[in-house]
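Working notes for the structure below.
In order of appearance the chains are A, B, C and D, and numbering begins at 1 in each one.
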Amino acid sequence: MSAVPAQGYLILALILFCIGLFGALTKRNTIIVLISIELMLNAVNLNLVAFSKYGIHPNITGQVFSLFSITIAAAEAAVGIAILLALYRNRRSVQINEMDTLKH
Amino acid sequence: MISFAWLIPLFPLISFMVLILSGKKLKNASGYLAILLTGISFLLTIGVLLDLRTITEFEVIWPWLTVGEIEFQAGALINPLNGLMLFVVSFVSLLIHIYSLGYMGEDDRKSSYFAYLSLFTFAMLGLVMSPNLLQFYMFWELVGLGSFLLIGFYLYKESAKKAARKAFIMTRIGDAGLLIGLILLFWQTKTLSFLEIFQAIEQQKLAPGMITLIAILLFIGAVGKSGQFPLHTWLPDAMEGPTPVSALIHAATMVAAGVYLVAATYPLFLASEWALIIVSVIGAFTAIFAATIGLVQDDLKRVLAYSTVSQLGYMMLALGAGGYVAGVFHLTTHAFFKALLFLAAGSVIFALKNQHIKQIAGSGKHLAVTKWTFLIGTLAISGFPLLSGSFSKEAIFAALLEDGQYGLLAVALFTAFLTSVYMFRLYFLVFHGKGEDKPERTVPLCMNGPMVILAVFAVIAGFFGSQLADWLAGGQGSFAVLHHSPTWLIFLATLVSLGGIVLAYYIYLRKQINQEEWKETFSSTYTILYNKYFIDEFYENTILYSTRAISYLIFYIEKYVVETAMAFVSGTIKAIGTRGSRLQTGQVQTYGTVALLGLAAIVLFFVVKGGYM
Amino acid sequence: MDLETLLSFQWGMMAPEFTILITGVIVSLQDLFYGKKRLSNWLAIIGILLAMVFLSAQYQHVPVSILYDTYVFDQVSFFFKYILLMGTLLILLMTSTSRDEETEKVRGDFHYLLLAALLGGMIVVSSADIITLYAGLELLSISSYILVGLRKYNRNANEGAMKYIITGSLASAVTLFGLSYIYGLTGTTNLYDISREMSVIDTQLEPLAVLGFVITFVGLTFKISTVPFHMWTPDVYQGAATPITAFLSVVSKAAGFLLLIRIFVAAFTTEPGLSDDLTVYEYAIGFAGVLAAITMIIGNTVALRQRNMKRLFAYSSIAHAGYLLIPLVALSAFSLETIWFYLLAYMWMNIGAFAIIHVLIQNHQTEDISMFSGLYQRSPVLALMMTLFLASLAGIPATAGFIGKFNIFLGALSADPAHYVLAAIMIGTTVISYVYYFNILVQMYSRPKAESSPIQVPKALWLTIAICAAGTLVFGLFPNLALQFFSW
Amino acid sequence: MGLLSLLLFSPMIGLLLISILTKNSDHKSIHRYAVLGGIIPLVISWVAYIQFQGHNQLAERVSWFSYQGGQQSFVIDYELALNGFRLALILLTTLIVMLAILASVKQITKNPRLFYQWLFVLELGILGVFASDNMFLFFFFFELTLIPMFFLIGKWGHVEREEAAYKYVIYNGLGSAVLLIAIVAVFAQAGTTNFEAVQAYMAQRDDMAFQVGVLIAFLVAFGVKLPIIPLHSWMVSVHVYAPPAVVMIHAGVLLKIGAYGLLQFGSGMFPDAFPVFAVTIAVLGLINLLYGAFLALIQDDLRKVFAYASVSHMGIILLGIAGMNTAGYQGAIFQTISHGLISALLFYLVGILILRTGTTNLKKLGGMWTAAPVLSGLFLTGALAGLGLPGMSGFVSEFMAFVGVFEQLPLFGAVGVIGIILTVVYFLRAILNMTFGDPRKNKYEKMADIGKGELFPAGVLVAFIILIGVYPDSLSQLLQITLETLVTGMGG
């Protein structure tokens, strides 16, 4: 057993998640927002791995799950960047707060 | 013959339907058609009366309306009282149909006129032969309709419109009482048939208080129809109608229907002391009250109208004092002489085209037949000895005396005095004096004829008092007694009547008593009387005003409460929409924040709910 | 896992999925090498039809699961796959003769992306394992992101796609976070195992179970666009091309609802539940009622203010999602039936309405409500059809929408305890919705026509509209067709 | 297909005739086909009447759809059946729709094709409401009337027609919303929506609180339709702004759904709980009666007068229902039919008046009789019928309603009777101001009287009004069985 209890990982993950969330909701640069979201996903991965190792029923599934989630996150990020590129080509800006022609 | 009695009202109905549907084409023939059909009714009535000497009561009924186990019926009930009324109605109606031929001869809407007249005759005939209160009520309303249509016959006149409306509404107020009364009676006795109701009363199935209540409610109906105080104001205004109509409806028949109602349900009233007292007091008050107004009115027909109100008060007074026969007797004689007076007045108006007695002063003397028949009528109503009015009035006085109502007797006598005064005022003013206006047209035979016939009846009808009592007793029972006056009372009555005539003679013909001076001395009294005690104004300012006030109150409730509530609801919905839409800023991070806050709120809720905090 | 085990699974059951997969591959290759757009369209349509044929063979088949219970074929998956396939088919029909210049350029992408999204949806529908579920969900989502942004020279499309992907990623992070807790508590990702573990869960860990439930649920509200993850809907719907909007509102939403059913109903309703004799589901689902209420109110009231048709339908779609949450809150024996029927009805009426909007947008180059003005004079049939769809959306009888609402109602009121408040809010907001639906009717029938030129309606679009109208009407008049079909 | 189904769907024939045959026709032939389409249901409904007199309820039942949920099954069938009340309402519907079509021939000039199409859909809905034998089907058709009415008001109405149409939709939508909740609540308990089956279920279950709750919902739902104060403002707008031909149907038939519903749903299904509401309904009835009457007294628009008169008359229906006995129910039913005929007549005449003068503002009208005696006479006839003159249908119904309410609640009855004095006042005020008086006040001196062709619908309505008034048993015999079922459940 490790010296660090399971709660430690969970709390770290939670903090990481919140940092990501904060970044995603406040940053004006869309790239940063996408990165923040990656951070949130990674927090989840941390959770999964921690549960997989120190959970009530430790097993390998959690790690498998995290592999899936990493892969999917990568795809998501790629699509995100692609869309951002298209947007940038049209608008010459990556500022997220300038994307507000669609509203009300 | 009597088994066909139910056919009597149908002829006028046929007349009405034919005239209303195709009257325009019939033109002049319409009058003759109406007369013909009314004449058939009259002949049938005579036939029925002949039968009635042997058969005292005849009833024919059909189911009319089934309500579960209750069955309301329609049909015809012929008993002596109804038979008498049938005779009066069909007879006077026939005469007036004939008279109208002349009076309305030049009117464009003659066919409508005769149609309405037939409708009224139908309704009135149906009314007096109703075997139950429901049918009675229905025809009661229908005569009101006839009256309404005829009052408003000159519909291009604003005053006619108002008068018609007023008549309908005022009588409807009374009708509401009648309706409540009859429904109450229905739930008490489970029937509306007159005969069964009387049985129920005999068997004392009803609580005394209930009887009183019902009797008073029925009486309210009678008050409305018979123009008794306080619902009398429509009757003088009803003079806006053509004069024959006033003669038929507002003198002889319909207004007497109230009296007839009390007479027809007399056992009910007899069972309640209070009801009788109220009837007699209202009657007496109306009698004197209307007579005083009649003293100062300047419109020929209005004087007659107030006289009618007053005489109807007499009849009520009689009935209230137990003078059943006296009341019905006076009803009958009144029908003749008042119809006569109106017809005579009608021919004055017909000839002179004016009905203001001061303006036409004396011009009546150019119309000989009219003058003499009017005089006969005036004498009769004033209670001049040996004319019909004197007999029926004496019967009333006798009934009052018998009942011990000395106060009311005094009132009645004083009213009789006033009656002679105002009637002879009318007579002297119209038919004596300078008379500068020449008649514009002559009165045709078809108008004079009915007047003469009625005059005959006005003279002789009084002699049949005791026969009438026997006749009525045949059907109704113990209360049908004709009271006979002691000699002193006859003497007193005659004195009172003659005194009035003499007074009128000195004031209006000899002018020895200066009326102008009187007017000034009693100017306030005069003003009050001239303005009919300001009753109309009083109603205007209280009932009408408050009705309108309530209307506007509700109008504002509608406008501000109901509509505001609605606007509030729709405003709230719109406001939510606006807020929600404003939240949609287009900033994706706002969207995320909202979601996060939502999540946080939910988590917080569960944390609190689970008790972890 | 050796080959023998692998072959022992009944792969035949996956024939529809394979068909879609293969069609997708073929279409993408075709697009790459030949670039014949019309061909792509027909290929996709044929593929879906084929898939439907394969699927039909599974009617009344006993439930089967493959890959160690990660992928199941049961009644639910069967019926929802039907909706997904049918919906996509209708949308493909709708676009088959599209004149839209912008979609023309990207036609091929459109087809295989649509098929990919469809495949994602089908995987979601059949998954019994969180991992597969998640993979399917993301396949659906990512394809949708691209679909929205497909018109890459259109600023609105860019913006919509960007908003979509940011909100979507946020939501999927939240979902995953919740799912990770569920995994942590039960040590498994298989829904059946989870449900078994949930019934023996340690009392101390109950709060965590509730937390996992709630967080996952909120994350998934993104997919069905209900409060609180609903705000992307109007922007994305407006930004996307009309057929894609239709796809999002019908197919993607149907998959989303099944996801909710799969995860929550399968995994959290086992007895005995928490220490106070409630299952986790019963304990926690109440909040979904509140979400449903707010969703219905927001969706319907904000829609009142819209003039842009796509935005209006976005809010309407939010509101409908709110209605659909009710059967989940008032969980009963026929909740599933109810949701399915409603989604089916919603598919007919919404795709039908979008098809007409699509036509009008192409004819007018505007998305304003005024495009409907005088439609009755220009094309009575189109106006009549639109009336039918709107009536159905508003829940007027003789349409499938009415029966759908009636089912929800019956479910809400026959549950124990009966959800009178939710039912009242639902019906009350439905009445509010009359106003904006009827606004369109007024435009069509009472306003002077905007242009006198006749409306160009491609034949395939007529077909779409006709099918949708028939569906709306038939299922409105003879709901038993569907209800009997469902309860095999 | 049974006769009732045939009747129910017969308006579709008219709809199809109009839709298929008149694509490019002129207005004249459209009107002609519409008349034809209106006659078909009329004829079939009379056939049904004849069959019914042979004691044939013409019931039909086809299973429609059902749910299996756990132990309970929920069944909804397509069930139609007649009773006297329903048949009377159906006859009223087909008649008034027919007459409304005749009225439309002159009054509807804008897009008559679409007008008639909606009109036939509306007729289908109304017939369905009255023919259905279960609550679901009732609601189905009830709701179905919403869209056609919305258009008929919103497209062919006057001035504020669209506001009126929206008001109509919102109020009625809310009303039917409440109705749906109640229906489904009952359905969820009983597993059926058949009227009789529900009654049997409720009698055996004996859950007073539930029944009272459901009844409150019914009261609100039908209160919107009837309408009961304060849920009435939509109805006034519709009366004023909808085209008169449509108001004929609206006031003549549609509002009657409220009364029908209260009786059928209230006392028909919850005979034990319904009497609890006797006093409430009586109070509401009185409020309606007086509120409507007082407002009708001061309106300057003839249509508003008639609208508030309707409100007032609905009070009498409520009073009759509050009687909770045969007489009261029969009065309410009579009033339903009678008011249908009378308001159809009045609004038919209003339509003609508008054709002549373009206005119904009483301040602008006056002394009309000289120019148009027959029209004025008909107006007067209508008003007299409305104010309950004996010999016309209004009296019979008012009388019975009052007889009914007097048994248990004499005080309410008395106030009600006094209230109907006001009826006379407002009707005469409006009609006499318009028809009587100085002809020089008539700005439309040259207005034509009612034409020969236009006389027919009015004549038919007057004939029915008088028929019922003179020989009410013609209607009451039809109702006996209905009333027995309504009342026996209540133990009296």
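One rule holds in what follows: contacts are C-beta pairs under 8 Å (C-beta built on N, C-alpha and C of every residue); 3 or more make two chains touch, one makes a residue touch a chain.
Here the structure is a predicted model, which is why all the values come from computation and not from measurement.
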Higher C-beta contact count, C-D or A-C?
-> A-C
Could you give the separation in Å between the centres of chain A and chain D, each centre being the mean of its C-alpha atoms?
-> 64
Chain C-chain D separation of Cα centroids, rounded to whole Å | 43
If you average the Cα atoms of chain A and of chain C to get two centres, how far apart are those centres in Å?
-> 26
Whole-Å separation of chain centres (CA-atom averages), chain B against chain C | 77
Please set out, as single numbers or ranges, the residues of chain B touching at least two other chains.
-> 581, 584, 586, 588, 592, 596
Listing for chain A: what residues touch at least two other chains?
-> 21, 24, 33, 96, 99, 101-104
Two or more other chains are touched by the chain C residues 162-163, 166, 170, 174, 234-235, 305
Interchain contacts, given as pairs of chains that touch = A-B, A-C, B-C, B-D, C-D
Interfacial residue positions of chain C with respect to chain A in the complex | 130-131, 134-135, 138, 141-142, 145-146, 149, 152-153, 155-156, 158-163, 165-166, 168-170, 172-174, 176-177, 179-181, 183-189, 197, 202, 205, 234-235, 238-239, 305, 311
What residues on chain C touch chain B, complex-wise?
-> 162-163, 166-167, 170-171, 174, 206-207, 210-211, 214-215, 218, 222, 227-229, 231-232, 234-235, 284, 287, 291, 297-298, 301-306, 432
Enumerate the contact residues on chain B facing chain C in the complex.
-> 573-574, 576-578, 580-581, 583-584, 586, 588, 590-592, 594-599, 602-603, 605-607, 610, 612
For the complex, which residues does chain A have touching chain C?
-> 10, 17, 20-21, 24, 30, 33-34, 37, 40-41, 43-44, 47-48, 50-51, 55-59, 61-62, 64-65, 68-69, 72, 75-76, 79-80, 82-84, 86-87, 89-91, 96, 99, 101-104
Within their complex, chain B touches chain D through residues 63-70, 134, 137-139, 141-142, 145, 152, 155-158, 160-161, 164-165, 168-169, 172-173, 176, 179-180, 183-184, 186-187, 547-548, 550-552, 554-555, 558, 561-563, 565-566, 570
